[in-house]
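Two complexes follow with subunit A in common, the first pairing it with subunit B and the second with subunit C.
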Partner chain A sequence: MPGASVARWSMSYFAAALACLLAGLALMAAGFGYPSQPAQAPDTLVVVHLVALGWLSALMLGALTQFVPVLVSQKLYSDRAPPIVLACHFLGLAGLLGGFVGLGRSWRSSVFLLPAGGLLLSLGFALAILNLGATLARNRPLAAPARIVAAGLASLPIVFGLGVVFTLALGGWAPGAGAARLLADDLSIHAAAGLGGWLTLTAFGVSYRLLAMFMLAPDAGGRLTEAVFWLGAGALIMLLQAVPGASPRLILAPRVLAVVFGSAAVAIYLWEVAGLFRQRKRRKLELNSKMSAVALAWLAVAAIALPASLAAEAPSPAPETLLFIAAFGWLTGLGLAMLYKIVAFLTWLECYGHWLGKRRTPRVQDLVREERALPWFVLYHVAVLCGAAALMLQWGVAFRFASLAMLCAAAAIGLEVLRIRRLAAVPAELAPPEGPPPLLFSRLRPTNA
Partner chain B sequence: MSAEIVSLDLRPVLRAGGEPIADIMRVVSRLEPGQGLRLMTTFKPVPLFGLLDKKGFDHAESQLADGEWEVLFTPRPDRRAPAPVRTVAAEDALAASGAEWPAPTRFLDNRDLEQPEPMIRTLAATEQMRPGEVLSVLLDRRPVFLLPELDRRGHLWRGGLEDDGKTYRLSVLIREGRGETQ
Partner chain C sequence: MNAPKQLAEAVRESLRSVIDPEIGLNIVDVGLVYDVDADGSGVVTVTMTTTTQGCPATGYLRQGAEEAAARTAGVAAAKVNLTYDPPWGPELMSETAREILGFG
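And now, the complex of A and B:
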């Protein structure tokens, strides 16, 4: 059947992801990991992976399960894979985090927990790539935004491949000197392919379509979008070239080229998305579009800061600040903004799609209370700004207060999303006869086509 | 040579708020070589002049008494036989719907509406129509969430991109009794 339906498990992904975001922010506010401890300390790795895997990757996996079918107008290849991916992802994450915690405290269990967690995570990602890839492959040739999503998916094996190698090295399964050198060399590639490849490229692909849809702008997909795809893919290939021994060395200075290609891709993407905002037919922006614009501004800041942070001398906090801005300003900012709208839209569709035309139904906007959510989004971004400044100035206490403010804001936004899902804002006479939907998954209705 | 000219009076459809451009292009795509087209419209259909020029037609327009227009499109000698209809309709057409459908009795232009307004309007219209009637809808993009809902309600649909590459044209044949019983 052509067309897309509400994905059954996306809400479970979103809920688990939000829980990880709040846990990560709480740890940061408590002074766990960087900057109280070194950037590569085991406790820092706990926070980093709680945010990068537990929050950002799970959010993106849940969103792709829903929106890859929309991008290509095809059903998801397998409806059975998403819960298995979800289980692998969070069990693997638990193992990995347990391993990191133990690493700082010399627990023997870390030796097994780290690689086991890494392998489970890889298994989940591999299954997700197969499922989403097979869905994309049903509608070739792909339009440029869908191809950018595919490039993001293609970054994942670089990320989890290196990640598994790291877990083996940290677990003591690889000889010492070589492992230490590997960690030092490839950590930046692991981070760049994760944040820049997997998370940022998929966010590009999905946001092209969603922003155009929400703002009534013409769909992107012309030559500039093509250029973003090719530059993104080029940056990835350069990253792969930079991994020692991963492929024959064909190119000098692949890292520099990866930065050049990546920055160019970001610049063109921002230019095109700014065009979507300019050409939109819907003059009054909804909260999610406004907050996406703030996230896009953070992306611009990160792209401008990238060369500076690479040029910085070793003890500079610039690279950590850059990662903070990319993870919390850009990706989390966009993620929270989109989550707010996506949950409203999917919940509306699930509750009222089959009643349309048959009885009075609320509008999607009737499910949200933007005036309640707006102050929290503002607080969140102000706190990110303060947190970035505190990191640059190496002012640990201020960073913890900024993290606390981010935690409060994210928790409040999470509660607003929960209220949307519970239909709290919908007047009683417009409530669906079946009652509000289940919190963590979506009711499916059979199609008889 | 009047048989060499196909006439279309679009005035009733236009007055009812319909968007007949897709119908026009469909008729044009079926014209034999040498066949012309006469249109009666409620305004001067300037956009059509360029579209049909590309397809090998010259035009001559004349204003009728009450602000309405008659346009005659005549094929240039080099106009070739029509290419097969290039919409993606075949991709979407349900197997059961191979036969000709009745002419649409209701038209909706759901372009430039914020989501999910196009879906709401389309489903509202299907609920008001009688079985056997056909609804014709213009959309900005392929309505990915609407199509499964039409399936669930038991209606048949055909859709595809129009020649402009942007407008998605959806036709829905209303059927009764097959959808879920809510």
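And now, the complex of A and C:
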């Protein structure tokens, strides 16, 4: 029977992603970009893309490489694609960030760096879509969580397609009023398809399965999950309708419908996931599940506040604060919680899987020290709360201190993840004879289940 | 050679040395072992499942169960079949496992 195996390169994705998160938070703590500078200033774009692409997208790509095969009980279509995707992603990101830095300082190199970075990123994303899409296609018809992941992947061409157009416009390849209008009109679609479509829909699809697994709760996949898929797909189609150069009157309705569909999808998802928590058989929650619940609370805040903010046509800083909550409360909160668990699980498989039945092995939970990590997760979420308040109150100094606290917390969680990988918590008598695994990749070859 | 029924029971006991790494309990108490069948010549067939279909630990659990079964005294050959029919659910856990996890 075919099945999933340990993805060889997921750890490389996770390590690079974590480095980008720390770099982004360090820049925010140093006062680089918003709110010290305007929301669309080149330095702000550096921070935004370092977090959205370097951290969140790389984390998601690494996680999907591991968990799309689990969702469909099939092997990854190509084991050779992930390192190529990784190289394209980070080379492209380097070009893009270099282009943004140069843009703020009138360097001529930006003219080439921006589109080159955008194209390399698009190439990496396209290859990832092909590989993950072909893996999903191996087990059709797909269950609802896998279809939600597919919808998230389908958002990506909107994100990187618009992104490439923006890099051409910012690089001066499409000068004049047309470029300015494009940036003003379609930036919100780029951001919504990225944060709402690509990152949030895929997080929904993967978390349905992971939360059920980790809490011993019934698998999702009934009518409510179906509704999340259709509403999410509907929101995506509405976003797509809003992209071309339609008249302002025509593009209003699809954008409104996208928000309505998207908010309904979030509400149903939250209701269903709350049901997983209620119906779980594992009464004592592990740290990753507890911290996922906090991230879900941030998602609820963002989902309630976004339609209200749009209905009231709230000016800055409300939209920026909501984006901050979505990126750092919801997506980063969930990402850090899941990373803590996933690294432990994959490390266990690498070190102890082949010893099952031959010698005594520890549990996955023996690789972590939750009491060490808990205070840092708490600090992280308190700092996000303070950061959101500081943004709303436009208190720049407080925002920098909150970012510094987030940086310290994320770095400490990163160290805990490193300790897991080094098997620091495992008693000596249970240490594997081969020693800890390599930090950045798995030494396992794919196995047949 | 042990009688088939006794041999199957001995194999079931050996399988307790294999843990489900995520739940942290042995695969027998977790309810992953559906059936152990032994014939008169010492050939044992274990039918088991995993908590989640497609789980990356599947191959290791199967291999571990095979190793543990083959090591049992009186076993000439051991074979492990994986099935997801019926799918595993927490209700298949033993009383001991349920109590440890807090839903006894």
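Going forward, the second predicted complex is superposed on the first by the 430 of 449 C-alpha atoms of A that agree within 3 Å, B and C clash if a C-alpha of one lies under 4 Å from a C-alpha of the other, contacts with A are read in each partner's own complex, and residues count from 1 in each chain.
Methods note: a residue touches a chain if its C-beta (ideal position, glycine included) is under 8 Å from a C-beta of that chain, and two chains touch if they have at least 3 such contacts.
These figures come from a predicted structure and were not determined experimentally.
Peer 1: Have a look at where A:S73 lands relative to subunit B and subunit C in the superposition and call it first, second, both or neither.
Peer 2: In the superposition, A:S73 contacts both subunit B and subunit C.
Peer 1: Applying the touch criterion given at the start, work out whether A:K284 contacts subunit B, subunit C, both or neither, answering first, second, both or neither.
Peer 2: second
Peer 1: Given the touch rule stated above, what does A:Q40 touch, subunit B (first), subunit C (second), both, or neither?
Peer 2: neither
Peer 1: Per the contact definition in the header, classify A:L349: touching subunit B only (first), subunit C only (second), both, or neither.
Peer 2: Both: A:L349 reaches subunit B and subunit C.
Peer 1: Of the two partners subunit B and subunit C, indicate the one touching more residues belonging to subunit A.
Peer 2: It is C that touches the greater number of subunit A residues.
Peer 1: Pick out the shared contact residues on subunit A: the ones touching subunit B in one complex and subunit C in the other.
Peer 2: After superposing on chain A, subunit A residues 1, 3-5, 69-70, 73, 213-214, 216, 218, 281-282, 345, 348-349, 353-358, 361, 364, 447-449 contact both subunit B and subunit C.
Peer 1: Within their complex, state which residues of subunit C touch subunit A.
Peer 2: By the definition above, subunit C touches subunit A via 17-19, 21-24, 51-68, 71, 82, 89-90, 98, 101-103.
Peer 1: Going by the contact rule at the top, pick out the subunit B residues touching subunit A in the complex.
Peer 2: Touch list, subunit B to subunit A: 91-92, 94, 112-116, 119-120, 123-128, 141-149, 151-152, 154, 166, 178-180, 182.
Peer 1: What residues on subunit A touch subunit C, complex-wise?
Peer 2: 1, 3-6, 66, 69-74, 209, 213-214, 216, 218, 281-284, 345-346, 348-349, 352-358, 360-361, 363-366, 447-449
Peer 1: What residues on subunit A touch subunit B, complex-wise?
Peer 2: 1-5, 69-70, 73, 213-214, 216, 218-219, 281-282, 345, 348-349, 353-358, 361, 364, 445-449
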